[in-house]
Amino acid sequence: MARQTIKIGIVGGTGYTGVELLRLLAQHPHSELKVITSRKDAGMPVADMFPNLRGRVKLKFSEPSTQALSACDVVFFATPNGVAMNEARALYDAGVRLVDVAADFRIKDIAVWEQWYGMKHACPDLVAQAVYGLPEINRERIREARIVANPGCYPTAVQLGFLPLMQTGTVDFDHLIADAKSGVSGAGRKAEVHTLLAEASDNFKAYGVGGHRHLPEITQGLETMAGRKVRLVFTPHLTPMIRGIHATLYAGVDSGVDLQSLYEQRYANEPFVDVLPAGSHPETRSVRGANVCRIAVHRPQGGDIAVVLSVIDNLVKGASGQAVQNMNIMFGFPETTGLEQVALLP
Amino acid sequence: MARQTIKIGIVGGTGYTGVELLRLLAQHPHSELKVITSRKDAGMPVADMFPNLRGRVKLKFSEPSTQALSACDVVFFATPNGVAMNEARALYDAGVRLVDVAADFRIKDIAVWEQWYGMKHACPDLVAQAVYGLPEINRERIREARIVANPGCYPTAVQLGFLPLMQTGTVDFDHLIADAKSGVSGAGRKAEVHTLLAEASDNFKAYGVGGHRHLPEITQGLETMAGRKVRLVFTPHLTPMIRGIHATLYAGVDSGVDLQSLYEQRYANEPFVDVLPAGSHPETRSVRGANVCRIAVHRPQGGDIAVVLSVIDNLVKGASGQAVQNMNIMFGFPETTGLEQVALLP
Amino acid sequence: MARQTIKIGIVGGTGYTGVELLRLLAQHPHSELKVITSRKDAGMPVADMFPNLRGRVKLKFSEPSTQALSACDVVFFATPNGVAMNEARALYDAGVRLVDVAADFRIKDIAVWEQWYGMKHACPDLVAQAVYGLPEINRERIREARIVANPGCYPTAVQLGFLPLMQTGTVDFDHLIADAKSGVSGAGRKAEVHTLLAEASDNFKAYGVGGHRHLPEITQGLETMAGRKVRLVFTPHLTPMIRGIHATLYAGVDSGVDLQSLYEQRYANEPFVDVLPAGSHPETRSVRGANVCRIAVHRPQGGDIAVVLSVIDNLVKGASGQAVQNMNIMFGFPETTGLEQVALLP
Amino acid sequence: MARQTIKIGIVGGTGYTGVELLRLLAQHPHSELKVITSRKDAGMPVADMFPNLRGRVKLKFSEPSTQALSACDVVFFATPNGVAMNEARALYDAGVRLVDVAADFRIKDIAVWEQWYGMKHACPDLVAQAVYGLPEINRERIREARIVANPGCYPTAVQLGFLPLMQTGTVDFDHLIADAKSGVSGAGRKAEVHTLLAEASDNFKAYGVGGHRHLPEITQGLETMAGRKVRLVFTPHLTPMIRGIHATLYAGVDSGVDLQSLYEQRYANEPFVDVLPAGSHPETRSVRGANVCRIAVHRPQGGDIAVVLSVIDNLVKGASGQAVQNMNIMFGFPETTGLEQVALLP
């Protein structure tokens, strides 16, 4: 039986995943927000930084404190990569359950992680026992997990889009293509020139075509689903909008497979994956602010290439919403608790 | 004592105020959506037109039917101007309570209404008994109203911004200026060239400077507050965003008035008006998707002109959210029921 | 030797390709704009519709008149599909040279054209002699052409991106993929709901995944380059910006090919194709308002899939700029005449 | 008689006014770009930073060098405030003519400048002889100026909008209001959080209502025009677009004045000020990329308040275009040389 209220801490709440966690938790019936830390902004009321929270979140940012965080039932890390791995041990030892919204616990192969993230990992043993927090794959393991590695935004959209195909086994696993487009909030709330409105608006570009950190995460996930090696070309693009990811996926498939049925059946019982009718084109705005992945599947000209369209809100199902979904699973709440917001359209 | 559930009808739900009503009512604990009419799209599931509602609203659009609507407790008109006045009588006689989100019942002086809206009014007697649905002014009368004239978007932002000043009496009532900027959803979900993304994006313009239909509505409201004639220059502008109105208001004031206190006191008990600390600049995104008006008041260089900044989401506090707020008042629910969404930021 | 000035007519100048032709021709040293027709807006000064042309274009829209157009040296059709084919004969017989910016003369196989465009073709014989106006392929034939079929926007970006690969012969011609993203001006200056700012802004979606009219045009072009059949999956997307196309192209390639050299050599002498240094990511804003296609080529993880990034301004190199380029070639002007605008950045 | 070519230097060319100067000068028939300095990016080809200039500007950024700059005929400062005043003397003494696109030489009252800009001025004597570079006021003095203080963006739009009124003398000089809206490029190409696309897009806000640096500059200009003291409330707003300023101006006027004639006559011979027909609403996109100010004047409801709408491209007529216009005047070229770009619409 679920506890009525759980005590929640957030480490590093000044970025977009932080404010989105706050938005969702402020509307969650079983959450009691206890601590939100920010070394730089300690003492400032959260609502002064994020005026949408005025009247709804009374908390102030506080100095990071293991003691205060240890009194929580769950702590979310909404920090840059490399922070959670250094602070996790003490909280873990104190019995706090952890959800890392950053990337520290996502990749099982430590050498691969260190190569892509350019630093030495601080706690490989905790990585080993962390559970990858994609509920559609790992729901049962998340229930018992002490550390959940919340998936990246691109990896969520791409893996959910490929999942049914990976499990059929009748795919060209060596030539998977994920052409993904992200809104600018995916780059975070960091002062950088290339994401200024004057740079990124009315503009479209690919980036990281030579290699992006989400490639090994996606590949690991697809290989787990497929039970074999896969080869993926992953091309991220920056699109001039705030929220949303649209992944357009290409895979060689046998002509016999009924793709529409395959997807509908696989996701029939998933509360947060919505397979659209045949012939549809999901729009990112249909998930803006909502914890949903909407998917459509096509086979153009009846050929041997499947085209899968998968959209999420990068800050919700691609980050903070999925983190709350994981929290719900971990603490025995109905999975949709506090996550029933309808997408904001227009 | 409030009834547990009220039966709701919506006439003309294919526009932005319609889909926004649906978004809010789908999350309202006491609403039972019974009918939503659209002559043109009868038979189409609502969620096919508005994919954000997939899985949340099962209803189909139906042919307008007085009989079906008469079985409702309340009917919202989310129609073009001139529709509600023709359909109100039958529903009124059937005892249904009405909230007109369009302009048919807003202006008491029928000749003025006919001049600005370019048609003959169909039911002046119902206008006479309709209550102007700005709760911050008319809360008590709304409670008993059988017809509520839901205020326009600009009028809501401008009237709430001017209200405390109007009631002080120490203002230059003959030279009020409202310089207002609206997102493009204010123009509705109509196929028109000037609101295409390729026309309205990366562009800014004033329109209707010679005269806009919201001018007489605002003037009527201000005069009611002030208890005297006022003269207002109202300049609307189109700004390249989806949602949001920012009204910048100018009024000559006596040097003695403590504007900050005046505003804070007037709105101290209003659940949906938020007076910011002195020196603030409200942003439209701080109310995106939320039923809030945020206001800041300045007196630049300590001079004799007050500058009031007032922001709302034109589709929420400026339309459908306020309509639900009025419904809550009319049916005895706590005024904030179903309206506690936190604004979506970023 | 080029004539000093040529007399120019434009049929149907009220859309985006029309105003863009006017912008470019107003700055062209050898153009004399004689006629611009619009049945609907005859009598209106062009600059009243397009205020950027105030003081620069004195012409009024006039009723379509074969006589007036016949006095021109060249006539551009900036009309919806299906208009040029009905009006071309009379002008052709009068000795006027024609550039059709629409699609009537692009597809050689009349049956294919009729299938995709849903109408009967009015002049198959003129299609047979029309020259496809992609100068990088057909420069010599354009010089003498009496009818130039100006390429579509997507087809320009995709064909220029694939061209060097098509000519090597070491490509998997059966699994070409073009994932293309377009700004909203590509949909034209038509009053439609789905391209309203309130619909298309802060949103991203694919469309026409089942089949888009530009597919047969691109396929025809690639097959001509390759000298064999090809199979292409073409996925267009709508991106929330005004101008620009970004085509992301995928093709299986042999590991031995030096893609960078291949592209640099093929385009070394092309004035309007710019191959970026290895590792680059072209941005659409780098060509905004300019008649340039910028291309970068990648081979991620050293694998067997080439990723080509190709950007154009859909209204310039993808339409009206290319039309002027074709005019320059047809009339013996240096190809860059009047087309040296630097892209507007930011 | 104008020299055929003048040698040009730019100090600090890595911001938006820098790249815009480069775009315009690359198309100017009499300019020879010799030096462009950037301490931070010395050695980098300019076109690597600004890809729109690929193939058009071959220069690299170089270390600041008085010697190299001294060999130029004119040097533009496209630097942050406070730089030009420290580097001007040496160049001035070397006989180079200077155009400061920043604010160092705009305000004659040094104490006022120091108060608003928060630093000590380095060369008050040079301020005394600098000419304020608004050609519509100071054309003759600019011709001979050795230092031109190029006006700010807001000040250009506001002063040109008020100018005819200031010169009539029948205005309420004590209650002028300038409600101005700027695109985000006005904040410069600096890494800052509040101008990120994810912060500034789909958002609208006022800022600096308590006091903005352009207030004393505008006031000084208006007082010079009026020949008396004026009092102005200036409210700047950030609007989610890249380029453009829309100033909405309010002034009490006598009922007898024919405002339309007043404006048309005052600007009849100005090449870069366009007075629209009565009843018009200028759009910022009608000047995007063009060196034009378009103005419309209204008197709503025939009352005693004039509403003037004035639009410019903040980077062109509001900065770099006006700087080139000043250069043309200084060196005896026709004023429109190199400045005849047609605005990019859509």
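All chains are identified by letter, namely A, B, C and D, in their written order; residue positions are counted from 1 within each chain.
As a convention for this text, a contact is a pair of C-beta atoms (placed from the backbone, for glycine too) under 8 Å apart; a residue touches a chain by one contact, two chains touch by 3 or more.
None of the values given here were measured: they were computed from a predicted structure.
Between B-C and C-D, more contacting C-beta pairs join the chains of C-D. Ranking all chains by how far their C-alpha centres lie from the centre of chain A, first place goes to D. Note on chain placement: the centre of chain B and the centre of chain C lie 45 Å apart, centres being C-alpha means. Each chain gets a centre from the mean of its Cα atoms; for chain C and chain D, those two points are 36 Å apart. In chain B, 16, 183, 185, 189, 198-199, 201-202, 240-243, 282-283, 285, 288, 346 are the positions where the chain touches two or more neighbouring chains simultaneously. By the touch criterion stated above, chain C contacts chain B in their complex at residues 16, 183-185, 187, 189-193, 195-202, 240-242. Chain D meets chain B in the complex at residues 175, 177, 179, 181, 183, 198-199, 201-207, 209-211, 231, 233-235, 237, 239-244, 246, 248, 250, 252, 279, 281-285, 288, 298, 300-301, 303, 305, 307, 309, 311, 346.
Touching chain D in their complex are the following residues of chain C: 16, 19, 23, 26-27, 50-56, 185, 189, 201-202, 242-243, 274, 276, 282-283, 285-290, 294, 315, 340-346.
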